[in-house]
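In the two complexes below, subunit A is the common chain; its partner is subunit B in one and subunit C in the other.
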Partner chain A sequence: MAKQRKVYVTESGENVYGVIAEFATAADVYHAAEKVRDAGYSQWDVYAPFPIHGIDEAMGQKRTKLPLACAAIGLTGAGLGFLMQYWMSGVDYQLVVQGKPYGPWEPFVPITFELGILFTAFSALICMLAFNGLPRHNHPLLSKERFLAVSDDTLAICIESADDKFDPDQTRAMLERLGGRNIDLVEGD
Partner chain B sequence: MSSIATHEHDAVLHHDQSHEHLLRESNIRYTGGASLSTLFLAVAVVGLGATIASAFLYTGKLHAIASFQMAAMGCLAMCLGGMFFTLVMHLMAAGWSITLRRQFENLMVLAPVMLVVASIVPLYDLFIGNGSLYLWMNSQYQKDNIVLQEKIAFLNPSFFCVRLMLYFVVWSIIAFKLSGYSRRQDETGDKWLSNKARFTSAWGMLAFALTTAFASFDLLMSMDFRFFSTMWGVYYFASAAFSGIAALVLIVVPLRRAGKLEALVTAEHFHDVGKLMFTFTVFWAYIAFSQYFLIWYSNVPEETAWYLVRKRDGWQFVFFLLAIGHFVVPFLILLFRGVKRSPTALAVVAMWMLFIHFTDMFFIVRPMVTTRFTDSAPLTPMSGIWVDLAAVFGMLGLLGFLLVRRVSSVPLIPLRDPRLPESIEHKNYI
Partner chain C sequence: MTTMHPDESAARRLAGLANGELPTYPVAPGTGDGSLVDDPAVRAPLVLNNRSFHDITEIVCGYAEKPPGKWWLPLFGLSFTIAQVGALFILYLIITGIGAWGMNNQVDWAWDITNFVFWIGIGHAGTLISAILCLLKQKWRTAVNRSAEAMTIFAVICAATFPGIHIGRQWMAWFLLPIPNSNAIWPNFKSPLLWDVFAVSTYGTVSLLFWYMGMIPDFATLRDRADLRLRRNAEGPRVFPFLALRTDTVRAYVYGFLAMGWRFSSRHWHRYEVAYLVLAGISTPLVLSVHSIVSFDFATSILPGWHTTIFPPYFVAGAIFGGFAMVLLLLIPARELFPNMKDLITLRHIENMAKIILATGMIVGFAYSMEFFIAWYSGNEYESFLFTHVRAQGPYAWAYWTMIFCNVVSPQVFWIRFCRQSPLIVFIISILVTIGMWFERFVIIVTSLHRAFLPAEWSMFWPTPVDIGIFVGSCGIFLTLFLLFLRFLPVFAMAEVKAVLPQASPHHPHDHAKGGH
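Showing the complex of A and B:
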């Protein structure tokens, strides 16, 4: 049986989504991320208005499985494209074109390639959205006025209550130790 | 804050600005090449000796010169690949590849030498052999073949010799100018030499493209004067880039094994080299298929004849080996990130790429042994294969000998290139 996750509730009865802390510079948030990673948290994220090189390593993020999905779906698409053409002009409706044999592989290559690309491109987009849990209508963090500044001039770390290691007091204390400012509870599911 | 600033892997706050310790002599000079170059020379003597011996003892002159020419064109392609990458890196002002550029330059300066080697057979055929491999040089065809007479304005002995000299001059100028700037920068540290190299590369790239294309017309395509393909120049260029990047891996990985280039050529550089290997695998496949496809589709006899002899008598297996081995195998292997970041895995792939590159040259040149108008018994790919193997190993021995001598005589990287720090700190963020 799956381990029951603790549900934290605020005084007003709202579920706790997580704890958010702001950081002053990219370096601060980078090193804080390393510490959060080393503390063993897994359900958390770093929010920044610009890409921070190496932040995925600092967060200990695993490499995405997206390429595997793309390769599998793309090769399937290429194979289907080839089979479709072979069946159409080699089996179902044979025609002599320029004295060429029935179902030669040569003219099938461009469309096989195109369908491989098409399936790969669509699988890349759709699987990326699916893996990221997108599209979604709202996010608990968006109800925080201060959070909106992460698209402008603020860097933040939010540790979610969905994390097994999450504890309202200890997590807050750790973020404080790491130099986080304006630490706050985030309400919502 | 102090604990943050002293963090070991501080990728955000501080770059280590001093790379002086990486430029110590033991890291950037290769000195142990004497026995290796002797070994390569021995392989060259044995291999090329066996090829020449076979001309008189076993398979005949035509087979021997075809094998020799196939091997020479394969090695010339590797050197031209080095020239291409040197040119394109100067043109793009590439920073990441500075620590690799010297090895491309080492390949590049051997291009004129390999052109001389690749000119031996055509000149022999022109003056002594009476067009045994290069059919248009045959006096009989020059007299009574209507197709050849239409092409005589281009395919005639004097213009042919002028073109060979032109290629030699152009490649020598590009090679010595670019390697000269690079070596002078090692000594003076003058950063403006990078600009001069860039200027040279601008016209050099154009000259390189035209001369490479026409050299491939002259040295490969003209063997069968009936055949023509406008893709041919690009096809040979694709082979050059493909084999050139493989050759680079086989130079740099052993150097890393020998304890050189430590922290100068890292997994990050190999990752990008692997991407280039992948690129030119796909590029070759694109060009090779486009050439074959259009000829197959349009079905013009003087073009299809070239492929027809290469799709029978056992050559169809080489044809499909190329489709699988020159494209599918390296394509699927190089898709993986781990392969591109592992020097050992890349070296294995590079060896395969060189094998299949010479198979490609084999596929182009060797059927010419039977594509005479008066041929009798068809020559299958495997008949007398040892002559071809001897020629390829002999020629690789010769190229290896020249390369080892060159690599041990110059620093392994451009020591004072203004973009050197950028190259050392190069990192793939994906």
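Showing the complex of A and C:
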């Protein structure tokens, strides 16, 4: 049974996406993130113009499985590359080249390797986007003018209303206690 | 909105500093621009003048948003013209046949393959900076990686042109690919030439993906800035005066499309950094493999001077050597021409690259001497004849000694600290190295071919205007693309530069915004 998600609505009738607070320095947002993590929130995020060193631990984020996906896809690519060469020159149309065997593995190594690399590279980019839920056309946060400064120099924490522990007043009060500034509601789903 | 402390902004206002303008800080004597600190207890700054995050955004986005200096358009016009003339020569070559080149039955590879190896080698420095230095956690790479990666891609484009037109019947170029055709025959996977097709196309594709992924957050910054201007001002500059289309609208859409909806989430950054590491991890063996495979084109033949096992490492070292020279050739003028670029590309960056040139130049010099040693030690008379009688004193001896002077002798000035730290001297040596590396490929290819086993195979190669026109044209293509990159794309990896600023560290003491020490 999926738990019924509480929906909060603003006075103008829009759904509440979450509460956002800005922080002055990387150290501030790092320590605030540790507190939000310890308070038991799960649907929230730190927004920063650059990856903050160690923020994933401060947020309690598990290490991504992305490298495993890349390895699986890369090895598949290498395997397909080898099979392609073996089938084409060893099975489908056997051709004598300089008296060499039709399907030896040695000359197939370079192209097998290159195709493994090619598949891994595509998988790294595509998995990164897919695991992040990108590309997406718009996002409630991007509608907020103040939020756009995150891509310049602003550090922020946004706790989403989708979180079970979310409460418009208490969450806001907690962010205020943690040193958040310009605390604001974010509208949209 | 900035992370600047209110007291500090008040102090700046009282000091009469305009928005974004910075006070000049005292620089310790003997440290050049302040980045050349030798004291191991002092961590040399990677970005000068205590820049804030906002300064970095303003500087880097300014290159893409503000009109460029007066130099840009004439230079672009010139290089674009050269590129077009080169394209006309290529057209002439396709219409006429490759007999329009100076090659003949004896010397059947010449400038075309020389240029191919020359350009593909240049690309390798970009991948070295973006991949290998990333794995080695060399933070200084953040200032140069974006432009070096751009250089890689443009160099691969130039490189790929040459084998493409060299094949003779260019409309049959698809024969290189393993696609079914009416002959039902497949390409020969046992040939290094086909390995090369896969290696170079993989290299180009992976470099492009790596470059693009690095730019996603920076595209998002450019998108958000355009978006902000659109929201705040009803009017703004237009693309064309007669068209009701604002430049910022175009920016918001184009950069917005390329940014893929990036919103600087730390959960995204985590996966992004892991994916970046995966790409760096696979690009490292890739870059080593590409020039190794290029060298197999020669090493698997039986021709004296080509048939050697030293080729793969020798080619890779030479590629990095020549590539770094090209990075410096592009960046030293760029940091003079663009405002504030010297704060991001410091003298230490130049010195570090000069040191890499010195180290790889020594490897290349060692490889040259090893070739001679093995020619003697193997007792193979064809091999030793080639080295003693052909390369060092044959009709192309001038090319050989140009190569030795440019690649082995000239970088030795970098043993002197003053020469490594002087942009002018580094620039001059980079020119010499670039010339030397072109001659290296020419010497390898042409001198071996023009004195093969039988005297009946002996001949000379002289370039025709078509040879020269296409080579100069490829330089024009390269420069045109690089100038467009400087004008329209984020020239620095803003997010990465911000991440290496002292104030980006979560363990940095609470002095607001400006990284004090």
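Simple rule for what comes next: the second predicted complex is superposed on the first by the 186 of 189 C-alpha atoms of A that agree within 3 Å, B and C clash if a C-alpha of one lies under 4 Å from a C-alpha of the other, contacts with A are read in each partner's own complex, and residues count from 1 in each chain.
The definition used in the following text is that a residue touches a chain if its C-beta (ideal position, glycine included) is under 8 Å from a C-beta of that chain, and two chains touch if they have at least 3 such contacts.
Owing to the predicted nature of the structure, the values given are computational and were not obtained by experimental measurement.
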item	value
First (subunit B), second (subunit C), both or neither touched by A:27	both
First (subunit B), second (subunit C), both or neither touched by A:153	second
Contacts of A:132 with subunit B and subunit C, given as first, second, both or neither	second
Partner chain in contact with A:54 - subunit B first, subunit C second, else both or neither	both
Touched partner set for A:107, first subunit B, second subunit C, both or neither	both
Contact residues common to both interfaces of subunit A (with subunit B and with subunit C)	26-28, 30-31, 52-54, 63, 67, 98, 107
List of subunit A residues in touch with subunit B within their complex	26-28, 30-31, 52-54, 63, 67, 71, 98-99, 106-107, 109
Touch list for subunit A against partner subunit C, complex	24-31, 33, 45-56, 58-59, 61, 63-64, 66-67, 70, 74, 84-85, 88-89, 92-93, 95, 97-98, 100, 104, 107-108, 110-111, 113-115, 117-118, 120-122, 124-125, 127-129, 131-132, 134-139, 141-142, 145-146, 148-155
Parts of subunit B lying in touch with subunit A, wherever the complex brings them together	4, 7, 10-13, 289, 292-293, 296-297, 299, 335, 337, 427, 429
Subunit C - residues contacting subunit A, complex	1-3, 5, 52-54, 57, 178, 184-192, 194-195, 198-199, 202, 205-206, 209-210, 212-213, 217, 220-221, 223-225, 227-228, 231, 260-275, 278-279, 282-283, 285-286, 289, 293, 296, 494-496, 498-499, 503-510, 512-513
